[in-house]
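Take a look at the structure set out below.
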Amino acid sequence: MSLNTFGHLFRVTTWGESHGPALGATVDGCPPNVAIDEADIQHWLDKRKPGTSKYTTQRREADAVKILSGTFEGKTTGTPVQLMIENTDQRSKDYGDIIEKFRPGHADITYYQKYGNRDYRGGGRSSARETAARVAAGGLARAALNTLAPQVEITGYMTRMGAHEIDRANFDWAQIEQNPFWTPDAKAAETWADYLDGLRKSGSSVGAIIEVTARGVPAGLGAPVYGKLDTDLAAAMMSINAVKGVEIGEGMSAAMLTGELNADEITMGPSGPEYSSNHSGGILGGISTGQDIVIRFAVKPTSSILTTRKTITKSGEDTEIITKGRHDPCVGIRAVPVGEAMMACVILDHLLLHRGQIGKNQGVIGA
Amino acid sequence: MSLNTFGHLFRVTTWGESHGPALGATVDGCPPNVAIDEADIQHWLDKRKPGTSKYTTQRREADAVKILSGTFEGKTTGTPVQLMIENTDQRSKDYGDIIEKFRPGHADITYYQKYGNRDYRGGGRSSARETAARVAAGGLARAALNTLAPQVEITGYMTRMGAHEIDRANFDWAQIEQNPFWTPDAKAAETWADYLDGLRKSGSSVGAIIEVTARGVPAGLGAPVYGKLDTDLAAAMMSINAVKGVEIGEGMSAAMLTGELNADEITMGPSGPEYSSNHSGGILGGISTGQDIVIRFAVKPTSSILTTRKTITKSGEDTEIITKGRHDPCVGIRAVPVGEAMMACVILDHLLLHRGQIGKNQGVIGA
Amino acid sequence: MSLNTFGHLFRVTTWGESHGPALGATVDGCPPNVAIDEADIQHWLDKRKPGTSKYTTQRREADAVKILSGTFEGKTTGTPVQLMIENTDQRSKDYGDIIEKFRPGHADITYYQKYGNRDYRGGGRSSARETAARVAAGGLARAALNTLAPQVEITGYMTRMGAHEIDRANFDWAQIEQNPFWTPDAKAAETWADYLDGLRKSGSSVGAIIEVTARGVPAGLGAPVYGKLDTDLAAAMMSINAVKGVEIGEGMSAAMLTGELNADEITMGPSGPEYSSNHSGGILGGISTGQDIVIRFAVKPTSSILTTRKTITKSGEDTEIITKGRHDPCVGIRAVPVGEAMMACVILDHLLLHRGQIGKNQGVIGA
Amino acid sequence: MSLNTFGHLFRVTTWGESHGPALGATVDGCPPNVAIDEADIQHWLDKRKPGTSKYTTQRREADAVKILSGTFEGKTTGTPVQLMIENTDQRSKDYGDIIEKFRPGHADITYYQKYGNRDYRGGGRSSARETAARVAAGGLARAALNTLAPQVEITGYMTRMGAHEIDRANFDWAQIEQNPFWTPDAKAAETWADYLDGLRKSGSSVGAIIEVTARGVPAGLGAPVYGKLDTDLAAAMMSINAVKGVEIGEGMSAAMLTGELNADEITMGPSGPEYSSNHSGGILGGISTGQDIVIRFAVKPTSSILTTRKTITKSGEDTEIITKGRHDPCVGIRAVPVGEAMMACVILDHLLLHRGQIGKNQGVIGA
């Protein structure tokens, strides 16, 4: 099985390790004649790049993308697009403890148990560096959406950092690009800055919640019953490193509602159905309603911290570990562009599926 | 794309509508020589069957499964297993309003917008009757696990109904089969009985949270990075009707933890690594740790309620609707065996994947 | 892996054994709103049905198809279509030798070696009865083509029986339906009648070559480089029981040509490119040219013959076998509608793929 | 759909164009702990490399492979292996006619009709340079087979060049590496040398037949009914540029045999079943018998010839074309290592499938 691949028609295979020569995304199924160049993709990679503020890892990576195939004269040809990012900061360091010890809360131990080998260099394939390849692929997906469905707008932002949640009353789309946390709540950004600074200095880390909204997605995307739009989005987000929970619309809180409160009422608007609310998160029965698609995911705190923790070695001896190195006190920050990229890939994929199977059969209400 | 199919090697395709002649599951990839007969599968279907208590829909369905292929002399042969359930209670009723009006919070409108047609008979393919096929497939998966990994034990249970959550201090595995809500908290069962009775009488409905635990799963299952065990489980659960959120281990709450609190410490036990806690839900980096695998999902309240709600018709006119009929006040109850079935299918699938690709290479700690 | 499934978007999973209760095809991905009823599919099944002439097996099967799901009010809904054929003539016979002995040239031995079990009843899953399910699925594919691309016409016919090939000078489309061999050469039909009668009486069998032509297929279908139209057609035909060779256009003889002879010259016609010849079989670089698509496949003689042959038993003892029973002296005859069905499925599948990925980007020469 | 990908568990995605910066293969699903380095893969690439004799294109390409991911300390880790080959001889030439005119018998016209764009640089993605990526992936597959099933031996060779077939009486495995045509018949090699020299000088081209034999493949590989070993091999070979026909064992000639002649008789040998002959090509019912697996494919003559041919331009005007440039008079020669590579990938893939699904259930005759 192609288990490093996601997508049905827009298929993204990521490859590469934290400290190998390069990593990248092999994208098969991108529609032809989409205008794209390296700068278009670099734009999104720069958003995810480490070292852009004191709140993210100080590893220095140019994260410069090269398009090795699939385009000609500034447009996609319809053949596979190879997006490569060379690893430049493979600091030749003393891995010390890490070679023998497993970090608690980290994939070290399970990769070893599964594969019987250990790429201790920065976590190997389990490193969050893999997400750079997702962001590159997401850049290509956005370019394709720009051609096929230019009204679609995809935005990710943080709604919680540790104990601190945003106040929805302060929600302002314009704020998102104005602070290092990609949060729409300017006041939260201030609180979080102090909070995270404290965590960083104490060598601790904290989790976060990221929300991604897709506006302008047409009704009718999604393929029941195992290729539902929400199923594919949930899988896409859960596949991101450190994610432990995924919610669509009302999410886990839907359990607390009654039917009266949960069902969004429908009225007829000038250009189609309108809804009194969006508890559904823009998806009913796995198919988009035309409302905003809203997904949230929780990122756990990174397991690389400066506190001593009990662990074992490859040879099965009890020991302790402290993880030094260049780490993110809140990996959720850099997960924002990753969540956006996954959303872009899934929306494009379902748009292509819908075009293939449905054609002109789509039901238009009131037609 | 095979969008009514899930699984990599153990592939389940469900088919059928609420009021067609039959529904079922075509299962491809079941290992050969697994002992199975119809009674083994019927056992699990009976658990999900409607009309078993006053808390579930009064639709009468025998839900009797027939094995049409793939077995010989009481064992699987390795060829596709066809599991068919005939629909018997296709009550010839007056569909009335439903033919023209869309139910708010229901897939009626999106199926119409996608496919341009309307199977108004009981929701057609979007009906929760589809989940009977999942339970049948899950029964087969359990039989295969019984042969390949008999120590695996999969149990689902309700942990929340609407406003009421269980008290973990009361958790008792033995209680789960003792009450109509499959809850491990006997006290909660009493509270819920009254609560749900009230909702049922008032024609309302409520959401729920179901947790499914798999005990005895070996370390090493799961395939990074897009076929992670948690990714596949999240997709499996999110694909169930009415599910709006999925959590692994600490779930959404992981966002609120610091790295010190979240990382489960490791010590060496007599038969392998042991963990001080299970915040990870038994999965690190997408691969099982050998601990209990714990997943939770939230089911929204059914949209079929007796309160008048605003909606529109196929021709785009504003109107109102009340949904009469035989419905579940808390669909979460019958989602419990469905969640178990999905867990069984995913665990088996990853067991088969692991056998194929890893063989004797698996790393044994301390070996 | 779903190894009983073929197709990318129009996905057909066949299930069932020769002597189980039923067999069928689960078809996922059929476009919605295609007019279809059981009679449409029965039409094609009747063409394949055994016992229609003295030249085919005398097993009596009604091969009556039932549509169990996926249609409503005479049209497909876009959900999975379940096509079931009940086995009626499961003659309770004395299997005798067959239970222990492997028939030479038959899948008996390899199925046993692979799966470790033996469904000796009529060959189990390896029986050519499985092809009834293909023909049913092909009937659905033809109905969908009739909606999406009504100009497409798919016709299969025999061009060789054993030593006897047709004379292309006698080729007459109208003849194909006029003889029990589906051959376009009326004279060949006469010769073959005598020839096959002799083989049948002596308990022997013979191979055949079937050609399938698809006319009216638009240019541009096919997906390089591993989903090429010819690749998918070759796989589709090779997957039919007893097929040992597949040729596109010039086929194996292409090896004997020089570049001058092989390359079909192009001129501009009133409605697009025209070709001086069709050595390519309507496919260049894996993509359709708009010419007739021409594929041929060779069917080996059935291994069930009345001559004594050396073989072994399950317990590894040398022995001999004669296969009595109701067999086809030339299975190629009944392979004709099967080849047509596979062609219909592949063409529809690639039409759906093309619609999804290419949209309005298709290049029009001279536009 | 991942249409530039082949394989079920050992999944190879090739990418890249004739004149882009690089091409390669992204291989997902390679088992871990397989010893591999760049030299192991280079060995097979050198066999396919252009310019090694006067009988192949004079394009100069180092075809030096780089492993960018998936290995650590000389072994595979179980993560995706990226194999990259940089294009060095992207001669900046005057493409002249080719920009506007379509070459008869070439994919130029169909790619344009499908994708609406034209990468005229050396045929873009439709160039046979894509097969270098296949050979690289095949090198990795061979290394994995070397670990998992070291007794498997895969050898390709030419059995026909144009009018000239080998004499099977002269068949000598040792000869294959001794002549530039990879033919086992030393006399044929002499005849072909003169024959091809004449064709080359006259600017003509000719087709060929390549046979690939896999020895030592265990019984039981192959997955009926659409993942049959012969189906997957047929698809693999048909997907190679210029292939027009594929045969297993007796191939197209099976049509001419009677059942008595075709069925290979079975006797019990010291280590399992033995066969009197190999008409089946080592595959019965889609599953390997343990005999040699034998497949043949026909390669058409390249369409790039020095004879004037009629064609049309993108704007739909009639014209003529002569294709100058560096071409292979018999592309079949360089198809030999490509066929071997495809065989290696398919055998490994089915070995992995078999391990996952069957385990210890395999039937042993006489056990």
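Going in written order, the chains are labelled A, B, C and D, and every chain counts its residues from 1.
Methods note: a residue touches a chain if its C-beta (ideal position, glycine included) is under 8 Å from a C-beta of that chain, and two chains touch if they have at least 3 such contacts.
Nothing here was measured: the structure is a model prediction, and the numbers come from that model.
Q: Going by residue numbers, if over half of the contact pairs line up, that's a repeat, so tell me which of A-D, A-B or A-C repeats C-D.
A: A-B
Q: More contacting C-beta pairs: B-C or A-B?
A: Most C-beta pairs in contact, of the two: A-B.
Q: Using CA atom averages as chain centres, what separation in Å is found between chain B and chain D?
A: 45
Q: For chain A versus chain B, what separation do you get between their C-alpha means, in angstrom?
A: Roughly 26 Å, centre to centre.
Q: Based only on mean CA positions, could you tell me how far chain B sits from chain C in angstrom?
A: 38
Q: Name the residues of chain A that each touch 2 or more other chains.
A: In chain A, the residues touching two or more other chains are 1, 3-5, 8-9, 14, 29, 32-33, 78-79, 114-117, 125, 224, 353-354, 358, 361.
Q: For chain A, which residues are in contact with chain C within the complex?
A: These residues of chain A touch chain C: 1, 9, 29, 31-33, 78-79, 148, 224, 352-359, 361.
Q: Sort out for me which residues of chain A touch chain B in the complex.
A: For this pair, the touching residues of chain A are 1, 3-6, 8-9, 14, 102-107, 109-118, 125-126, 130, 160-163, 199, 204-209, 219-228, 230-232, 234-235, 238-239, 241, 244-268, 273, 276, 279-281, 283-290, 296, 298-305, 307, 309-312, 314-318, 332, 353-354, 358, 361-367.
Q: Please output the residues of chain C touching chain B within their complex, sorted ascending.
A: Listed in rising order, the residues are 1-5, 8-9, 11, 13-17, 20-24, 26, 28-29, 32-33, 66, 68-70, 72, 75, 77-82, 84, 114-117, 119, 121, 124-125.
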